[in-house]
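Worksheet: the structure to be examined is printed underneath.
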Amino acid sequence: MAVLVDENTRVLVQGITGRQGSFHTRLLKQYGTKVLAGTSPGKGGSEVEGVPVYDTVREAVEERGVNASIVFVPAQFTKEAALEAIEAGLSPIVLIAEGVPVLDSMYILAKAREKGVTIIGPNTPGIISPGLCKLGIMPAHVFKKGSVGVASRSGTLTYEIAAGLTRAGLGQSTCIGLGGDPLVGLSFIDVLELFRNDEETKAVALIGEIGGNAEETAAEYIIKTKYPKPVAAYVAGRAAPPGKRMGHAGAIISGRTGTAESKLEAFKRAGVEVARKPSEIAIKLKEALEGSR
Amino acid sequence: MRRGSGTAMKLFEYEAKDIAGKFGIPRPRGVVVETPEEARRAFESIGGPVVLKSQVLVAGRGKAGGIRFANSADEAYSVAKALLGSEIKGEKVLKLLVEEKIKVKRELYAGFVINRASKSYSYLASTEGGVDIEEVAERSPEKIVRGDVDPLEGLKEYEARYIARKMGYRGKQLVELGAIIKRLYDIAISYDGELIESNPLVETEDGSFVAADMKLIIDDNSLYRHKEYEARAKVPGPELTPLEARAKAAGLAYVDLDGYVGIVGNGAGLTMATLDLVKEFGGEPANFCDMGGTATVERMVEALEIVLSNPRTKVLLMNVLGGIIRCDEVARAVVKVKEKMGFAKPMVIRLVGTNEEEGKRILAEAGISSFDSMEEAAMRAVEFARGA
Amino acid sequence: MAVLVDENTRVLVQGITGRQGSFHTRLLKQYGTKVLAGTSPGKGGSEVEGVPVYDTVREAVEERGVNASIVFVPAQFTKEAALEAIEAGLSPIVLIAEGVPVLDSMYILAKAREKGVTIIGPNTPGIISPGLCKLGIMPAHVFKKGSVGVASRSGTLTYEIAAGLTRAGLGQSTCIGLGGDPLVGLSFIDVLELFRNDEETKAVALIGEIGGNAEETAAEYIIKTKYPKPVAAYVAGRAAPPGKRMGHAGAIISGRTGTAESKLEAFKRAGVEVARKPSEIAIKLKEALEGSR
Amino acid sequence: MRRGSGTAMKLFEYEAKDIAGKFGIPRPRGVVVETPEEARRAFESIGGPVVLKSQVLVAGRGKAGGIRFANSADEAYSVAKALLGSEIKGEKVLKLLVEEKIKVKRELYAGFVINRASKSYSYLASTEGGVDIEEVAERSPEKIVRGDVDPLEGLKEYEARYIARKMGYRGKQLVELGAIIKRLYDIAISYDGELIESNPLVETEDGSFVAADMKLIIDDNSLYRHKEYEARAKVPGPELTPLEARAKAAGLAYVDLDGYVGIVGNGAGLTMATLDLVKEFGGEPANFCDMGGTATVERMVEALEIVLSNPRTKVLLMNVLGGIIRCDEVARAVVKVKEKMGFAKPMVIRLVGTNEEEGKRILAEAGISSFDSMEEAAMRAVEFARGA
């Protein structure tokens, strides 16, 4: 097992004829992801990397039975594309674009909630269940099938930590990039909930950063639910000053909210293993997993 | 691709009030002036005591002396003369908003802000305005009316009236205050507001309401649909340092810091983690600079040049985990900058990922050593800086 | 029993301070309807006919526990008022106004459907369960408690027929004015469904008119479900020419759609007793009820 | 209170096309003219074969000869001369729309209409346009693409493209046709359209699309938010008879018919039933006139006068079931009209409900008998008419 995506995920690539869309369609297919259809209005009837292109999501669903989507359209058009996928009931829907207006995200997420659809992103590298399905833009070679569930607000930092886990012999069940924007589809709590119910996942790594209070509420959740699996966390941005966006639209300390200290303390209170360096995640989880045997 | 910059798109008070006026929110009669003489004429046209408000984007202008009163045309002239051209927390005052002095019965607060947890706008309203609302919320939560707006429904007129009611108003006042709250929301939606607030929103002695101050911050990712502010957003604001301004123009996410280890990374999280490691090893970062996950060679070169041209930078620490970015291109960018700028400052490069071997070969040929581990690289950079 | 409104209906009057609102509040109270609150923005804190007035529906719900509403605001403001009542979960909501723009009705009805709320109207006299609750503007004295369920697209014609039933000794369980607009909340089918499940209702009278095909679909429903109770129908507008609105916005024959003949034939095919004069409804139902004993 | 009138608010073709143009729907180049000389100049400015289309609201103008072609300026002049001032199905032609002649590859249909059953807009589209779409739907349902639009969501651009796809288009054509369909919907929503359609929507020889005809009917209950048409809606259209126009101005729901029993009722259903009874008893109604459930004495008087002034009316049948309307007021209105107009035509009054006794007393004093049963009254009215 894995969460959200696996060997039964039948993938639609929205914006497949674009530069990014076609490039990653090749990589997804190389990885073994079942990319069954793409969409691009006005390009229906053509093919990209051997994948049939449709004008609308509805046709792709009707003719190819896709059930999940990865959206490569630019930020300005992400809302329309996401709503089309939501209405078609695809889930999860991965929104890659950076720079989606926050009001667009707000509407997308509310609509997805209403329809019971999972959104990953925006501003995410996507999701990968190593060996089963990659629905994202992450470099696949750093990931390996295994039992650590990873959730992260970051992109490259996730690859860094996943590579560390893999080197340490700790494969991953599923790695989810939550997205670097202020409003994203999945919270740490949502993902912890998924991993709790996933038999394959034996331990969880959370990769947070400054901004918002998603880490604090995750810590509360861990305490409240007596979370049954070991959790280790890394929080980026201890050196960040207040009031400045650190690359991600969501990575900003506002007033007294969103500092790394607050997040680290919350995690500590919740009994989460806190890593001060990215490499420590693998060490701490290895200890926890060996200790729990 | 747009990259998050160090600041959001904050409007000046007078701009926010112009929008408020267009949406039918009552505001004090006022004039924007740029000279003392204009201030004098503004006083005369308003015809009574006025307040002169420095138009700056930094917070806390009131305490910094940027808001002053005048009871005569001459006084308006001399106050304007004092304020115009002065600096408030480092920001030069170029414009004043001269407004009629309002007869205040009570100062309120009303605003909408993007709430990450509820993934919606939250409203916040209080009969204790004119002060830091977060403090009020902490000290006297019972004085705060708050809630979320369903993004699919929007705020309804009747919800706005419900807020006014919870603030304790009735009758005509309830209807008027409700309308103002609704219009604040309408502005937020129309202008992609990250934050909109009127603080204080004044209840006057005759029982009506006037937005005595207005703040509006626009989501800069939405500026393509707010053309009137898009151009200005490209002009670096007074709150940016020269290097931040240069980086912004280049589309780089860059923040100046006080330390001496210059840092370039790809990806916000990885770059932040690099800063953190430098601190962890006892060093101090000179900056944050994220090239993004898909930077071109030109952008890499620009990033390196900006960081190296920072006089505080004693050593450069570059941390690249290549994915879409290819290590060979990174290496070429580094060599290019080295040739262009000379080897004045030591460079510590961490380089793994796509085309890693080729990249390392190029660096080695140029006499630059590289690391596999970001932690090792960070440690070495701090050592270099200390030695330098 | 009765349908939709009964002795447990706790009524809110929206627009209570208006001329119509206050006038009918008096009549509703006289009838014994539990009018517990009214709304009128800016008039909160006052009283009308002894009923406390609130500024918002939400307050009326919080403080008086109202669960149904009758809306007397003018057509232009009916949308906003109805949405406020829908969001508060009141049901049924009776929309009295004539002249509500059809797009407003469309939105109101879709929103009500989403929230599971029943709308009666617009352009309706309302609903009455004689002896239990009147939530409308009908003259109460023509109605009497009994076992005939009545659904009508008309106002005064309903009073005419109800008076006839009452004179013939046939009381009514519930009489519902569906509304004279093209788009209204309840269809004949909805009401037939309600009456089917209502033990007290032994027979049903349908009062239709030209325009649309609500009568035809009701007839199909009666056939398809082998409707278990006797039904009699009157259809107004046999003398109406095509293409002209006959008073009601919904009473218009468009092309070949909406003629009285089509409706009458459909009812006949469904075994519905068809009355050629309003007075025949009582006669036919009396026969049917006596025959079924 | 507005009362439903005999007609909806139908726009002229040129008006509908002006709106279409504003929304970005391609339309033929064209000019509205009111004189033959203007038609000549229109031909010259268009510079090629033109079509001259009579601007009337009645249906079937094409078959009635209201649409003609011209290949020269002189021909345009003479055709315009023939058309302007002529009557099409009783409606006088005051304006012509002179348009370039389109090179037609295929005629399509696209439209949105309020669907009573689904309580939403339904779209209807077909590659067989230029003909009666209901006939196509009956004869070749496979040529029709139809569906409903979720009122809470509205029609999305991608749904519009899906419709275009189902019509068989691909590529650029699919995108263009989708955009036109979406814009038709946007117009429907913006203008409270009961019906909007382009028939034919022409696919030209070069593969683009042009709205060769446009029809838009506005919900007249919404006219308060379409001020530009509100005034015109009050001017009786050419499709109304003089009495219908007078009734409309008085806010009465009135329709002229061919019979001889004049009818006034309160409530649409009751009034229709009264007409039906007259027919049932072998009579023929002269009109439908619903005073509404809340008519004032003035309105009742106006209703009675209109019905009595119809030369076809041999007898008046009034049917009132008083609720909010009081019977005494009805009786007073009747007496007033009787005194004013004399007793030229017999009156049969059915009067029950609020203040019934008082009403009957007033009538009796004026020598007018009244009935309790509407059926009895209708029967008597028919007898009177036959005797008259």
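By letter and in written order, the chains are A, B, C and D; residue numbering begins at 1 in each of them.
In this text, a contact is a pair of C-beta atoms (placed from the backbone, for glycine too) under 8 Å apart; a residue touches a chain by one contact, two chains touch by 3 or more.
Here the structure is a predicted model, which is why all the values come from computation and not from measurement.
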Could you name all chains that are in contact with chain A and with chain D at the same time?
none
Count the C-beta contact pairs for C-D and for B-C, then tell me which is higher.
C-D
On a C-alpha centroid basis, what's the spacing between chain A and chain C, in Å?
51
Could you work out how far the Cα centre of chain C sits from that of chain D, in whole Å?
27
Whole-Å separation of chain centres (CA-atom averages), chain B against chain D
57
Pull out every residue in chain A that's touching 2 or more other chains.
none
By the document's touch definition, which label belongs to this structure's chain graph: line, ring, star, complete, or other?
ring
Chains touch in the following pairs A-B, A-D, B-C, C-D
Touch list for chain D against partner chain A, complex:
153, 156-158, 161-162, 165, 170-172, 174-175, 178
Complex interface listing, chain C residues touching chain D:
75-76, 98-107, 109-111, 114, 125, 137-139, 152-160, 163, 180, 182-183, 207, 209-210, 212-214, 217, 234, 236-241, 244-251, 255-256, 260, 276-279
Could you pull out which chain A residues touch chain D in their complex?
41-45, 55-59, 80, 83-84, 87
Can you list the chain B residues touching chain A in their complex?
1-8, 114, 116-117, 119-121, 134, 150-152, 189, 192, 194, 219, 221-222, 224-225, 253, 255, 257, 265-273, 275-280, 285, 288, 290, 292-293, 321-324, 352-354, 373-375
